[in-house]
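Chain lettering (A, B, C and D) follows the sequence in which the chains are written, and residue indices restart at 1 in each chain.
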Amino acid sequence: MSPNAHVTDLTVNPYKADFPLLANNPELAFLDSAATAQRPAVVLDAQRRFYETMNANPLRGLYKLSVEATEAIQQARQHIARFIGAPNAKDIVLCRNTSEALNLVAFSFAPMVLRPGDEVCITIMEHHSNLVPWQQVCKRTGAKLVYMYPDKNSVITEEEMRAKIGPKTKIVAAAQVSNVLGVENDVKTMAKIAHEFDAYMVVDGAQSVPHITVDIADIDCDFFAFSGHKIFGPMGIGILWGRHELLDAMPPFLTGGEMIESVTQQGATWAPVPEKFEAGTQDAAGAYALNAAITYVESLGWGAIEAREAELAKYCIEQLSALPFIRLIGPADPAAHHGAISFNVCTVHPHDVASILDMNDVAIRAGHHCAQPLLAWMGIESCCRASVAFYNDKQDIDKLVEGLKKVWSMFNGE
Amino acid sequence: MSPNAHVTDLTVNPYKADFPLLANNPELAFLDSAATAQRPAVVLDAQRRFYETMNANPLRGLYKLSVEATEAIQQARQHIARFIGAPNAKDIVLCRNTSEALNLVAFSFAPMVLRPGDEVCITIMEHHSNLVPWQQVCKRTGAKLVYMYPDKNSVITEEEMRAKIGPKTKIVAAAQVSNVLGVENDVKTMAKIAHEFDAYMVVDGAQSVPHITVDIADIDCDFFAFSGHKIFGPMGIGILWGRHELLDAMPPFLTGGEMIESVTQQGATWAPVPEKFEAGTQDAAGAYALNAAITYVESLGWGAIEAREAELAKYCIEQLSALPFIRLIGPADPAAHHGAISFNVCTVHPHDVASILDMNDVAIRAGHHCAQPLLAWMGIESCCRASVAFYNDKQDIDKLVEGLKKVWSMFNGE
Amino acid sequence: MGNSIYSAALMDHNAHPDNKYDLQDATYSHDGINPSCGDEMTLKLKVNDGVIEKAAFTGHGCAVSQASADIMADLIEGETVEEARRLSGLFLGMIQGKELSDQDREDLDEAAELESISRMPARVKCAELAWRTLDGILDENGE
Amino acid sequence: MGNSIYSAALMDHNAHPDNKYDLQDATYSHDGINPSCGDEMTLKLKVNDGVIEKAAFTGHGCAVSQASADIMADLIEGETVEEARRLSGLFLGMIQGKELSDQDREDLDEAAELESISRMPARVKCAELAWRTLDGILDENGE
């Protein structure tokens, strides 16, 4: 028996007990973790512990509580850095979410390198948060936004990368894992090609960090962003990592308290990285709880998480494929899916699918998934998405399948 | 006996029991609420309840949990609007903190009205978060930053306002309560004068909302910002209120998921206010817990809070005035103080004062309090600040006084 | 699916939307969009002397939005612009959770059967789409 | 105040900082700032043939920063630039929490008594200010 045999047995679920919402709602099949994950009790405990034992404004005070709050933030930075393979905890910038992190890059870094006629190259499968900020900065700087498209297996090939990334490219930005197709993009090769042309590589890790081992040193990207709430941490905290020289050279974005070195009536100088980018009181409790979330994930081990999620994707895709009225979207190979599995029910609108599934205690998402350009390119207006995490099990998938059969018979029955 | 007699009896403290950190540390005199407040258990319970019973990504889902998360945000908006006297919950924009809220105004609104030669008028007592963003936008637009100064009673007189606000003024920005001097600025008169010249009034409510009844309809300002963590809510959530026509006319600031109406490969249109300004996943749990914090404050009643805090300020200032080695900063009249009481110990650096007080379990702040221009203008580099909230009592102040005597004798003893 | 929003009437209007076609001799046309899902609808009216003689829609959307549009078109055909506005106000009020009087319920006819959607906030926008588009078309054309 | 950072030595250096004055015949001068509190210090050195003949400072700051500066000036006077750099490395290491060997402790002399500050993160910057300014002055002048 392999050491992971128990984790790949989908009839067994030792994880739900760790997650109060799931434990309290045994009838619920929560299949929307790609939108926001559930939080284990250890994360909620940590958040509360912060407020009950070390609550003070970090960075500001000279008394013990404040020092503890400051240390909570520093330890979180160190752990987050280790977790994503960042060489230096000082380059971990606290943000509100992935969206804010990517906006920081678009507002503060992009104008340093973009001139009229330059190009920003992204993929068609970007979430709006890694797309609209680039549209906006291209508008402001006169640069052009260029798209890479996947092949029929949802793969952005090296050929496609080389066709789109070239001497005019200054920034390449891509999701490491797509929130609709579930595929992993080869951001390492993208980064390599970008660097051949002296362009910079921005990776949106919102959907990769919860599902695969991330090593930004190996990817060799220049910026990396993710959200705490998708990796079992609290809402309201996100992370931007940036290469130190770049963060150092960038002007600040938001200004105000804590991010200054000194202020006079008509001017100011800035604190060093990362504080330079952290205006105002940071969510120290959120950072502390995110630290606990990462500890929890590490305690399960990536081997176990990846093995179980692979099994879930396999079972889910097998079951959905067996339903004649389901049209799967994205790669046919379950191994290519990391979390997200999108589909449509023939002749039934995704909103109706989601509402009817909800009546059957199955929570999925329906709509454009903040990826309208991708959906338009695929020729659909909206779709359904079931997304899995290690805390899902066979019963969740079975309830989904059962619910989908009801949907079909309601709309096409008798 | 007046109904408030018990609340103004500083030897009695029914409040500490509500605050786990204070209840668990009875020896601690926490006098740094102006930096960040402590949270009552009801707020921590609410935050946890969100994650345990309604956790889902708001705005995105079609299933019950997500609807509950969305409703949690809408109800929070409504309550916050009522709390500050805003006519419409739709104009309550969720931000990370006051700093981000003020940056939003500076980045998105200010460029619409500022032309080279125009003026932005602020007070010398602004927190860096209501100062550096204006410096930056003035630099970008060629406008000039003009300061209003207080008189010897720490009052910014109407005369001073009229001397500085004029036909060139496009934006007036001021803290309603100063985080160093503790005084309330007459933002209502400022708004009136600003409007006489067709300028806009921005109020930084970070220090007013926790201490006084705020009614933005009465102030008649155009923007109002505050932070959840200073009003007994969680970190990571702040609020911007804006006049609807202005929010409506403003371009978005951060872009990405949730804030769009529709996105194509080369363009996007925006969601209505307030979503237009809320890119990415919002801290729904934070909004829900902030709602609980406001409910808690309202359950105590403003009458009781203001009466007790007035008594605390009176006792504290009396006691400090009796120490010959203490130099008080700010108005001599205790009634003019809302939370903050700043001072210095003759010949002893504030850092040393804070460290030694900390050894005696008294938590105060020392430094520039993110108000360097004010301190420079007053001719000091740094100072000490004790700040009170209703949960403080006589013992806290007595411990402060005792600690200060120790400081003095350590440095000037024998 | 007892008290579900998917009533027989709704399912029927969705399956057979009599008013879903491209109205050729329309006097007014207006596009509506539901940004939360990207659903779009084009509403066309033929208005003559202040009376809506014909109403029809095209586009794509869920069963709720399609049925709501079809029911609305049935209801407003033959009504004055003024009455259509009033009915739209009644409907949007109902969907936002306002109680209907018996008279209102009678006036809204089949549309009143969509009341249960007011208890499904996530679907409110779907049910509203056609009616908001109607308000838009009338505003735009100064009716 | 048993194991407090406010040792007799520290209080004494703070009260009577022999090296706090404006050095007239300085060869190098450098300003240091502690952004968390706004404290500033100007360090001046008289360096001759690679040897620090005189070190003095002016500015304002807390007892920790003043005593640390005064102790540092005592320590580096008469040392080579190279040795001063080494001592600064030792001191900053100690303040960041690194263990000192007996030899290191001997070399740092009185400065080693500030070790307890390493357990007060909020005051580390105060203790470091003079030493970081020293590093700055040497870097700047290519020493």
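Just a few scattered comments:
Here is the rule we use: contacts are C-beta pairs under 8 Å (C-beta built on N, C-alpha and C of every residue); 3 or more make two chains touch, one makes a residue touch a chain.
Since the structure is predicted, the reported quantities are computational estimates derived from the model, not experimental observations.
The minimum number of touch steps separating chain C from chain D is 2. Relative to chain A, the chain whose mean Cα position lies farthest away is D.
Between the Cα centres of chain A and chain B there is a gap of 32 Å. Chain D has its Cα centroid 46 Å from the Cα centroid of chain A.
Taking each chain's centre as the average of its CA atoms, chain A and chain C sit 38 Å apart. The distance from the centre of chain B to the centre of chain C, each centre being the mean of the chain's C-alpha atoms, comes to 46 Å. Contact of a single residue of chain A with at least two other chains is seen at positions 61-63, 66, 260, 262, 351, 355, 366-367, 372.
Counting only residues that touch two or more partner chains, chain C has 36, 38, 120, 122-123. Arrangement of the chains shown, judged by which pairs touch: an irregular graph that fits none of the line, ring, star or complete shapes. The complete set of chain-chain contacts reads A-B, A-C, A-D, B-C, B-D. For chain C in complex with chain A, the residues that touch the partner chain are 1, 4-6, 11, 15, 36-40, 60-64, 120, 122-123, 126. Against chain D, the residues of chain B that register as touching in their complex are 348-352, 355-356, 359, 366-368, 372, 375, 381-382, 410-411. Taken in their complex, chain B has these residues touching chain C: 59, 61-63, 66-67, 70-71, 260-262, 271. The touching residues of chain D, counted against chain A in their complex, run 33, 35-36, 38, 120-123. Looking at the complex, you find that chain B touches chain A at residues 20-21, 24, 28, 30, 32, 35-36, 38-39, 44, 47-48, 51-53, 55-57, 60-66, 96-100, 102-103, 124, 127-133, 135-136, 145, 147, 227, 229, 234-238, 254-258, 260, 262-268, 279-286, 351, 354-355, 357-358, 362-367, 370, 372-373, 376-377.
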